[in-house]
Structure formats: C-alpha cells, structure tokens
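What follows is chain A paired twice: with chain B in the first complex and chain C in the second.
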Partner chain A sequence: MKKRFMTHALGMVAASALVFTGGIAQAKDSITIAVPSFLTGGAAGPFGIPAMNGAKMVADAINKGTLPAPYNTKGFGGASATLIELDEGGGATKQVAEYRNLVEKRNVDAIVGYISSGNCQALAPIAEELKQFTIFATCGTPRIFEEAPRKYVFRTMGHATSDNVAAAMYVKEKFPDMKGYTGINQNYAWGQDSWRDFDLTLKQIMPNSKASEKTQFPKIFAGQYGSEISAMSLDKADLIHTSFWGGDLEAFIFQGAARGLFKKKIGVMTVGGTAAYRLGKKLPDGLVLGARGPYGILVKDRKSVLNQWFVNTYKNIYGIYPSGPAYQYGQAILAAKIAYDKAGSDASNEQLADALRGITFESFSTTIEMKLGGGHQAATENGYGITKYDSDEGENVVTDVKFYPASCVLPPDGIDSVDWINGGMKGAKC
Partner chain B sequence: MLRDNTSKVVFIGGILIIAFGFFAPNWIVNQLMFGFSRALAILGLLVLWRTGLVSFGHAFYFGLGAYTVAILDIQLGVTDVFLRLFGGACLAGLAGFLVGFIMRNYRDIFFAMLNTAISMVLYGIIVKTESLGSTDGFAISLPTIFGVAPETKYPLFVVITVIAMVSALLVNFYLKTTVGRLTTPIRDNEIRVEYLGFSVAHAIHLKYTMSAILAGGAGALMAMSLGQVDPDSMINWTVSGELVFITILSGPGNVIAPFIGSLVFEVLRTYAFELAPHLWQLIVGGTFLTIIFFLPGGIWSLIVKFGRNKS
Partner chain C sequence: METFLTILLDGLQFSSYLFIVSAGLTIIFGVMKILNVCHGSFYAWGAYTSAFFIGKFSEMGMPDGWGFLVILASAIVVGLVLGFLIEQVILKHMYHRDEVLIVLATFGLFLVLEDVILIAFGTDPYFAYQPMALLDSVEMGGIVRDVYGLTLIGVAAMVAIGCWFLLNKTKWGTILKAVIFDREMGIAMGINVPLVYTLTFIGGAILGGLGGAYIAPTISVAPGLGTEVIVLSFAVVVVGGMGSIMGAAIGSLIIGLLRALAVHELPQVELFVVFAVMAVVLVFRPEGLFAPAKPRKI
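Then we have the complex of A and B:
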C-alpha cells in the first residue's frame, strides 16, 4: 500500500510539472467524465442502476457517433469519453470528500450525475470553490440555484416545484370535484418541500378543497406504513399525495393496495414513474403517476427519432423500458456533449460553462431550455397520467397523459418557488 | 511529559508531517486532515476499550461537535477555528458528563446499545427538524485562524495536526497517571479495584467524559475540514460503527495507533471506492474480517512485531 501511495504521489508531482511546463493547449483525444449515482443501498435498484445504464448507453453511442441527428458527430468535441462510475451513497459529507478526490486526485474533466438533493446541495458550493464544470442530472431541490448564483454548476431537468405544481393542476383538471386531500411524505427535506408546494398550489387553484389536518410524515426508509394507511383510510379526504420514491414507494403501494386504499382514494405519486415497469401487474390501476418531468412511461410513445432511438436501444441492451432516471442521466451526458462540441475537447471549465449557459436544446424526450438560475437551471414541461394495466401487452400503460409547459409550472427566473406560488403564480402561461 | 519514546515519536512525527503537508498535493492533505480529525475520537474510544467498554454510539458526541460548529457558523457567525473547536468539544463534553451518570452503571452490550440509543435520538431529532437542516445538513465556511482567512487549506491542516499531537500527548500522559492506569484492572476485576480504594464508577465516568470531549473535538475538526455536516455522515449509527471499526483496526496498544489506523482507513476507503464502485463496502468489510482473524491486536501489533524483529 505504502509503495503504491508513494508512486501515486510522485506521479502527481510529475503530472503537475507537465501541466505547468506544457502550456500549449491541444485538442484532446479522450476525456474522462465522472458519473456518480447510487450503486449500493436501497436507491440503487429503482434509481441508481437505470440512471447509470442511461448514462453509459448515451456516452457509448456518442463515442461511436451512432446517436441520431443532430448529434451524430463522433465524440465529445471529437474526444472519446471514458466514464468513471462512482457510488453516491454514504451521505452528503462523504460525497464532498469524494468530489474533492475526483477533482484533485483523479483530475476528471467533467462531473455529470447525482440523484440525491442533499448531495447536490452540498456539492454546489464545492464545485464553485474548485471551479469544476458539473452537471446535476436528477436531484430535485429548487434551492440549489435560488440560494446563490452559480458559475460552474448546471442542472438539466426541472426542479421539484414543477412536479408538485403540475400535479395540482392535473388534479384540478381531472378531478374537479375533489373536496379534501391528504398526503404521506417522508419526514425530511424532500418530503416536506414536496408536500408544501403541492398544498400551497392547491390552496391557490382549488380554494374549495381542504387539506386534511392529519397529513402523514413517516420517517424515511421506514418500510412499514400500516398505521399510516389505516389513518388515511379513515380520513375524509378523497385524494392522497405522496412524493415517496424508490423502495419506500414500492412498499407503500404494496401495503396500500392490499388494504384497498387506492380503490377508496385517488393516489397521486410524483415519483411514481420508476415503479411502473418494476411492479408490472402489482401496480394498481387509476393512480395519478408522474415521472418528475417528460420521462419514462409518460413519453414511451413519443414518436420523435431521438426518443424512439432511446427507448429501443435501451430495451435492446437492458431488456426493459427506460424509466425516468435513465432519461435524466442520458440527457445530462448529452448536454455535456453539446458543451464540448461547442467549446472544443480541450476547453477550460469556464469555456464549457459558457457553452452550456442559457442554451436551448432538443433532448431525447423533450426540449430543454436552460433559462432559470441565470441560464444554469433547465425548464421543461411536466406532466401526469393515469395508470392502467394492459393485459394484452402484459405491461403497464398510462392514459389521459397531459403535459403542462415549463412557463406554466415553473417560476420565472429570479423568483423563489414558494414566493411565486403564494403570490398566485404570476406570469404563468398555461 | 515528553520523555518517553511514544511522546518523542508523536512530537517528531507531527513536525515531519506538517513539513510534508506543505509539499504534498491537495488530496493527500485532505486525507491527512480527515484521518487526524477522526483519530481524536478513536483516541477516546481506545481509552474506553482498554477499560473493557465498547461504545456503539459515539457518533452522538462526534455529531454534536460537528453540529455545534455548524450552528456557531450559521447562527452566530463564529469563524475562528479555536472558538469553534472549543465550542464543539465543550458541548460534547458537557453532554458526556451528564450522560455519564447513566452510562457508568452499565457494562458490555448494555453499555454499547444504550449509547446507540442516545445517538439515534439525536439523529431522529435532527432529521425531523427543518431548522437544523433535516437530512440535507449545512455547508460550513472555511474557518479563520487568529483572525486571518486562509487562502488554502494548509493552515487548517497545521492546526489540526498540532491539536492531534497535543491530544495524543495528553492522553499518553493521562494513561500513565494512577487514575489513567485504571483501565485493564477495571476490565479484569472491578471488585478488586474497589477494594484498592478506587471508585470504579468515578473512573469510568471520567474516561467517558474524556472520550466525549475528544469525539466532540473530532467532529468539530471534521466538520471544518470537510465544509459540510449532515446527519447521515455525522450521527447515524453507521458512523458509530465506523469509529469502532477504526478502533479495532488501529489496536489499543498505543496512542499513536489511532492516527495510523484512521489514515489507513481513509486511504483504504478512497481506493476501494475508486477501484470497485459497486463493491467498495465488501472490500472495507473484508479488511475488517481479516484484521479480526489475523491481527486481533490491530495494525499496531504489526508495528510492535516489526520493531522486535529488527532489534
């Protein structure tokens, strides 16, 4: 170990000497992109592994030049990319240490990924400190770009506010007679934020419906929801909102379905998309399902060439249809390609950031406008559908899919989400 | 106080490492900072372990120290590294002193699990309280040192190394005093110790409070060197387990052992993470088993063996 340690240290010295004496920038043949995602623990199955698969598939196609037009040029600005897989587990503090390792020890060119909002929130200031070009793929908290302006950090999907505003709008449209609603959300930042946004939006757009006084906040990864399900069954509310995800969501669906909860109440699941392909027949019909944007099961039938390529290639390689996280990681890698194509494979972090800031591009399933957070935060449409098991095909489908444009479910640039909702969602164009 | 061999090695080793850090690349300085910060907590656990007590909940004090730094920074705007460290260590020490009244009556598995219970209460409170950062935690600004805001992390590294040296020397000194020597005797036969005229409860209470202060200091330094606190990395039971793991990895033989053990752990985890992103826990766990099977005295026993063969 010690010997290895020393050679590594010497190697670092030699490498930095080269960097300082070299000076002349040359187009690179290869770049390294670190892709962090949950590879161990409960979030790996429903989120981390599909996400990593999506990233690998897209990066591979870019290296070979087999993506459909207009992305059919080979490589990232001509350079072929090596992906470094990285586990996102262990808490934000551990991720901060690993992020520093990525930049200072392993000298990666770009970092693309992250699922947990806690991790993204912790890493955004570190990325700025180290001046490292970073694209967040999936994490949801709106606070990242509302807290401080960022220079090197981007996020290529809409934030959590749009999930819950869109859910409320969908409810208003499809269930106008809804009188009361309750919720079950994990008792931590994600669950608390999600419920707050949903509740505040409904108060604005359906003032006649009432929030239950007994909303449920079990602790994260609890796994057992018997008492909560009983309480909600007795509640007068006719709708249940949940932002559960991963294993917790699947446990809740199983336990709720067994007690007929979803026959009595309308279930609204903002992160339900990942369960659609995994649960098959066990997913109850009639759930209002979201995928945190236009991804996964909601867009399976979109006919664009890019989307059909994504769905078919993924199905061929991995044997199932791509869920939301696969799309989200795939499009984040695509954004890296666009930045490199524009700035060149030898571009500095500043040049890469300049190349991505404020652009609009066509992703696999939707158009992405980098127009919030000073051009660093994506705005996309967001939508919901209702689950139905298709016994002929032997798979779940969604019906009544409805999408709301970005300008309808996201605040204009520079306005905090909560202020925007409370102010009656001024400027929303639906 | 500086006459024995251990103290000399701590003193000279510390100075050499400070000098080495000046030339080392950033990531090595980071690993040294994390390793030395955590080693303080291990130092406290080592004293307890020699007494026959294993705490599976010292993340309570570790987290208390770390969160004190966060609150001092965010609520009160305290930036000075020593004030933050003092705050974290004192609060953890006070908590340890109070909890010690209960803990000193329990041994074995009861001692271990009661500590876990207390740490998980703090974990639960923080996870459920939005104003304490919930699961997201807080970012912490880089500390100032004597009123000067450093440009790099090197000055903080020097502070951490000096604190680590001083703590190692103090604990080494303590273990040579009469009260300090009451470790193995308590483990072996409490009744005899009582008949010798010492109070076992008092001795354990003192050691427990000491370990709480050290763990609090460790958490405070860790928070400052990482620039981030969150409950999963600072207070969860897995962190307590990690501390016990490193204690066993290091071995109870000497106050230098925790520092070597922590560094080995830090490097092991970094490389396991890098080389096997899907299986890194397996590598860390495998090392743990190997140590228990083949090196029950920890890494320190290797050093002792090596030293004997040489002379």
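Then we have the complex of A and C:
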C-alpha cells in the first residue's frame, strides 16, 4: 500500500515538474501555413491563381469541418489554419531568402506549395538544413528525391517522368503508325527533363520512330514562337511534344493553331489541361492533352464524393471548373491535415514528417501512395485524352481518356528515372 | 529554297517586332540620353489596352476589323498618357542628375507600372485573337503562315519610313538632329529643348505601345510581358548603336535573321546567338554599328 502511494506521489511530482518546465506541450488552437504560388507573372493566371484558390478552398473547408468523410473533422489536428499567401515569382534566389525568412523570422508551422521545378530544386536542401516540414504541391522535376534522400520535404503528386512515360505510352496506343517526333520545351530543368523522358521512353517502346535532330528549346516566357513553328512545320516529324505551361502554352496554341500546325501534326501537351477551360473554342480539336496526373478536365466526371465536392465547390466559388493546379494544391493542403491529425497540432517537424512518410491516402480525384523517395514522393496514376469542343455544352471535353497506373509510369523506389527508362522500364506493371 | 524563304520570312517578322519596340527606345536615348528601362512598360500597357478593348468590342458585336483601329488607338493613348505623365512628373525634374540615377528611376517606374497592370487588369491573361483570325492564313514556302504576322513587316516598314521622313524631311527632324548632336548648342540657338524632350518621350512611348498593341492578338497577354522585350530591345539598340534609328533597323535585322537561322538549323544556339552578336559588335565597335557622331568639345 505504502509502495503504491509512493509510486503515485512520485508520478504526480514528475507530471507537475513536466508541466511547470513545459515538458508537456499544449495542443495549439491555430497554426500558420505558408502557401507560395505564382501570384504575378505569366504563370499566375493559368497556374498560380487556380492553385492558390484550390489551397484556400480546401483549408477553409478543413477549418470549418465541411470536407466530406473521412476528412470531416474540424481543423488540422484540431487547430485552425491561417494561410500566408506568398508570390513564388522572382527566381530561386529570392525564394530561398523568402523561405529562410518564413522559417527563421515568421516561424510558420508548415510550408505547402511551389509550382516551379527550379524553385523546388533550390529549396529542398534549404528545407532540410532548416529542418522545416515542407510539402511541394506541383513542381515536377524528378531530381528532388533522386539526387539526395530527404527527411522533411515531401511531394504529393507524381513527377515529370510519369507525365512523359504516360504520354509516350498513350502515343503508342493511339498513334501506332507515328514515324517521327519533335518537341518544343522551355530551356530549363522542367523542359529538358520532360523531353528527355518522353524521348527515352519512345526509343524503348516505339524503336522504329525517329526523334528529330532539331528539337526546340526556347527561353521560358519567350511568348513568340513564329520561327519555331515554321521549323517544326518543315520538319518531317508527324508529332510534336511540349511541356509548355502557363502563358507560353497558350501563346503557342494560338500561334500554332493560326498556322494550321495541329492539323498537320499530332500535338502532345503534357500540361495542356490548364488551358482546356480557359481557351474554350480556341483550343484546337485533336490535341493529346495531359494534366500532370489525374486532375482537372481528365477527372471532372469522376463520381467519388470527394471529387464531386471539389468540382462543385470550386465551380460555385470561382465560376470555372478546377484545373490541375487547383487539385494539386488542394491535395497538398489535405496531406498537411492528415499529417497534423495523426501527429497532433503541437507536433514537431520531425513528428509531422514521420506522420506523412510512406502513407497512402485518398485524395480528391485519386489515391496517393507516398512510396517513392523513401516515402516522401507520391506515386499516382497518370492519364491522357484527346480534345474536342462540345458545342452543345459550350465547353471543351476530352475523349479516349486512358489512365496508366503508377506502377506502369514511375520507377520503383530507389531507382533513378533515366536508368529505369533506359533499362527497358523493368518491373513496370501496366 | 523553301527553307531559305521560310528563314527569311521568319527573320523579317521577328526583326520587325524588334524594330518597332527598339525604335522608340533608341529615339529616347538619342535625344534625351536616357536609358529608359520603363520602355518595357509602354509595350506591356499597349498590349493590355489593345487586348482588353478588342475583347470588349468583340463582346459588343462590333466587326473584327475594328480591332486594327483599337490597336492604333491603344498605342497612341498609352504613349500620350504614360509618356506625358512620366516625363512631366518624374523625369523632367531629374535631367540635371547623373544618368545612372535616371536609369534607376526608370527601373523603379517599370516595377511600379508592372504592379499597376496587376491592379488594373488582374492576373488572368487576355486573349485578343480576332484581328489575327480575320486575316486568316496563306501558304508560303511550303508552310502555312498567318497573314497578320506578315503584316508586322509592313508596319515596321511604315515606322522606319515615317522616322526617316520625320528626321530628314521636316523642320522637327532638323531640330531633333540638332538636339541629338549638341543639346547645349541647340539651347543657344533658341530651340525649346524641354518641349523637344516631352514630345520625344511621348513619341518613343507611342512606338513602345504600338509594339505591344500590335503583337497582342498573337499572344496570351499576361503579367510580366514587358520584362522579356526590354532585354531584347537593349540588345538591338546596343548592336545598332544607341540613339540611331538606322542602327536599330540594322540591329533588328541582324538579330532577327540570325535568330531565325539558328532556330531552323541549330536550335541549341538560338538563345546564345542574340547575345553573341552583341558581344562581337561590342568587341569591334564598342559604340555599336551606327552610333551617331559626337561633337568634340574643348
């Protein structure tokens, strides 16, 4: 009896000591999440603003507890989130300084966002150095988790390899007679990686088709592609691959369509989904359109409760159907909620990272498996369709939509994308 | 032959675009000795104004041909309003200051005007395809070309002829040349130099606005538009010789044609070629190919 009393007494003393020394953290009522996205520049309209809208809409629903089940609990681990909206423009150097400022001076709890591959590549080592829980939402270069292991950085969508392997597979399936292909991609990490993966995959799966020796790599945001369109028109290739995005993509579509480029050649646009709703009738029929995964126009009609909530709520608030970036930012915010729900609103960066590492969760339009990059990089299905203007509905639709599972278009964990493609994509389950 | 014709037309088209924008920049520098970084803003404002009103007129059911009037009106209004305000409110009070300070002031204005664009027009891009759609397309050299793009060559030719006529056949041209050659002597001879400065700045701004307004129907008019063009314009002006209209024309032709050749034959060097030309010219003629003669002052 005496021993029991002593044990209880010691336990109470220890608990009191912990409380007084702050050893037991209090659950937070609110957290701050920084959300960088392009709010200025050519990428703002097609990418940055829809992305930010998606993030705000989902965060607001989480704060109010109005997301459909299983995410209908209020808050992030019970805490209400305040979003800090930041402009991602200005280049990687500015973003690195801004990131340090967010962590060291503004003491944000989590950072969720980023569209540019260049920015993500520059920020990943900084996030690791500062030990800051960070979720990349949209940027695409596979190098982030292939060049170094990460502990605090996550990406909740597939990377460029899956976009381009899926594009090549779709081409093989729908255009088996394609003899030659060329490309126009922006001259930086995103454009170069995209072309490399598309080209290498076609060399593997359509060895009889030939890549043009004059592929185009104009400067990002160049805006005028008259000479490039002429060069591609004269090229014998019967297919054009592009990973253009934002204003560059829309300008290229305008200029190419006016010159009949897409009547003569098959246009494959891996990020074309962002233009589908915005261009309306001006988007040519017959383009092969991707959305960097199962997002936007490719999944508009998926009947899951989560997807219908996302599509209808977004349309009600913003008056337009959600494009890929809206989905991608929305699901990154959702991943933050899942991490906080699991680890608690007072969780440390390490605990949040542990909570998200390697999990599988149902997002708005697809299942996300955090199984690459040591559990930090998402694997999702990826798909393509062919554009057609529906004059009855007065909007663009996609036909012949085909999705490829993640295990078909992404390398197994620990294997470099280029090595995997060059090795004949061993282990791909299509 | 087909490839040669295509390269020639591509080169001329791109040169024309470069010339229209850089002509304004070089005129302002020639007369006022101001390296006007906010010239990119005139281009962007011209593009936005034109795209906005072409879209509005189209929605109102006006014929697409009105788009051409909108383009011209946008350039003039943007040049008149922005050019006049910037020259009178800011630059006029800085002429006695160091040239570097004036460059910094125009850079600051450029940043401010970029943000004002965001406030005025928002972040969503504008599309003004109607004039381009109206003119349809034509087959030349084995490929389809949009007629609207080809008309840019005509517009550039008109600007070049207009500038030549103004400078060589009118009293105003003589006054301008006198101020370019020696400002102090011009004042001594009774020229109203402040008025010349104001009109020159407005004229340069109209040309910058015209570049943007005319190109708007072929692009997605989005924030950040003015940044790219100012870099290219500086390259043209440096190659041709700062302050020389002839230099801007030749500089545009050299850069436009070489860039088109690179895109067709060796796309890997497309980006490099513009600045390689500039570097080579600067090595052999540091003041550019057609820099105006300078008076020797004792």
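Convention: the second predicted complex is superposed on the first by the 406 of 430 C-alpha atoms of A that agree within 3 Å, B and C clash if a C-alpha of one lies under 4 Å from a C-alpha of the other, contacts with A are read in each partner's own complex, and residues count from 1 in each chain.
Just so we're on the same page, contacts are C-beta pairs under 8 Å (C-beta built on N, C-alpha and C of every residue); 3 or more make two chains touch, one makes a residue touch a chain.
Keep in mind that what you see is a predicted model, and the values were worked out from it rather than measured.
**Student:** Look at A:415 in the shared chain and tell me whether it touches chain B only, chain C only, both, or neither; answer first, second, both or neither.
**Tutor:** neither
**Student:** State whether A:221 touches chain B only (first), chain C only (second), both chains, or neither.
**Tutor:** In the superposed model, A:221 contacts chain C only, not chain B.
**Student:** Touching A:231 in the superposition: chain B (first), chain C (second), both, neither?
**Tutor:** second
**Student:** Could you say whether A:187 touches chain B, chain C, both of them, or neither, answering first, second, both or neither?
**Tutor:** So A:187 meets both chain B and chain C here.
**Student:** Between chain B (first) and chain C (second), which, if any, makes contact with A:251: first, second, both or neither?
**Tutor:** In the superposed model, A:251 contacts chain C only, not chain B.
**Student:** Just checking: does A:97 make contact with chain B only, chain C only, both, or neither of them? Give me first, second, both or neither.
**Tutor:** The first partner, chain B, only.
**Student:** Figure out whether A:40 sits in contact with chain B (first) or chain C (second), or with both, or with neither.
**Tutor:** Both partners, chain B and chain C.
**Student:** Figure out whether A:397 sits in contact with chain B (first) or chain C (second), or with both, or with neither.
**Tutor:** In the superposed model, A:397 contacts neither chain B nor chain C.
**Student:** If you stack the two complexes on chain A, which partner ends up touching A:205: first (chain B), second (chain C), both, or neither?
**Tutor:** The answer is neither, since A:205 touches no partner chain.
**Student:** Name the residues of chain A shared by its contacts with chain B and its contacts with chain C.
**Tutor:** After superposing on chain A, chain A residues 39-40, 187, 217, 219 contact both chain B and chain C.
**Student:** Flag every residue of chain B that touches chain A in the complex, lowest number first.
**Tutor:** Result: residues 24-28, 30, 34, 124, 127-128, 130, 134-137, 139, 226-234, 236, 264, 267, 270, 273-274, 277-278, 280-281 of chain B touch chain A.
**Student:** Provide the residue numbers of chain A that touch chain C in the complex, in ascending order.
**Tutor:** Touching chain C: residues 39-42, 44-46, 48-49, 89, 187, 214-219, 221-224, 226-228, 230-231, 233-234, 246-247, 250-251, 254-255, 258-261, 278-279, 282 of chain A.
**Student:** Provide the residue numbers of chain A that touch chain B in the complex, in ascending order.
**Tutor:** Residue list for chain A touching chain B: 1, 5, 9, 12-13, 16, 39-40, 85-87, 90-94, 96-98, 100-101, 104-106, 117-118, 121-122, 125-126, 141, 187-190, 192, 217, 219-220.
**Student:** Inside the complex, what are the residues of chain C that reach chain A?
**Tutor:** 2-3, 6-7, 9-11, 13-14, 17, 114-115, 118, 123-125, 127, 129, 132-133, 137, 142-146, 148-149, 215, 218-220, 222-225, 227-228, 259-260, 263-265, 267-268, 270-271
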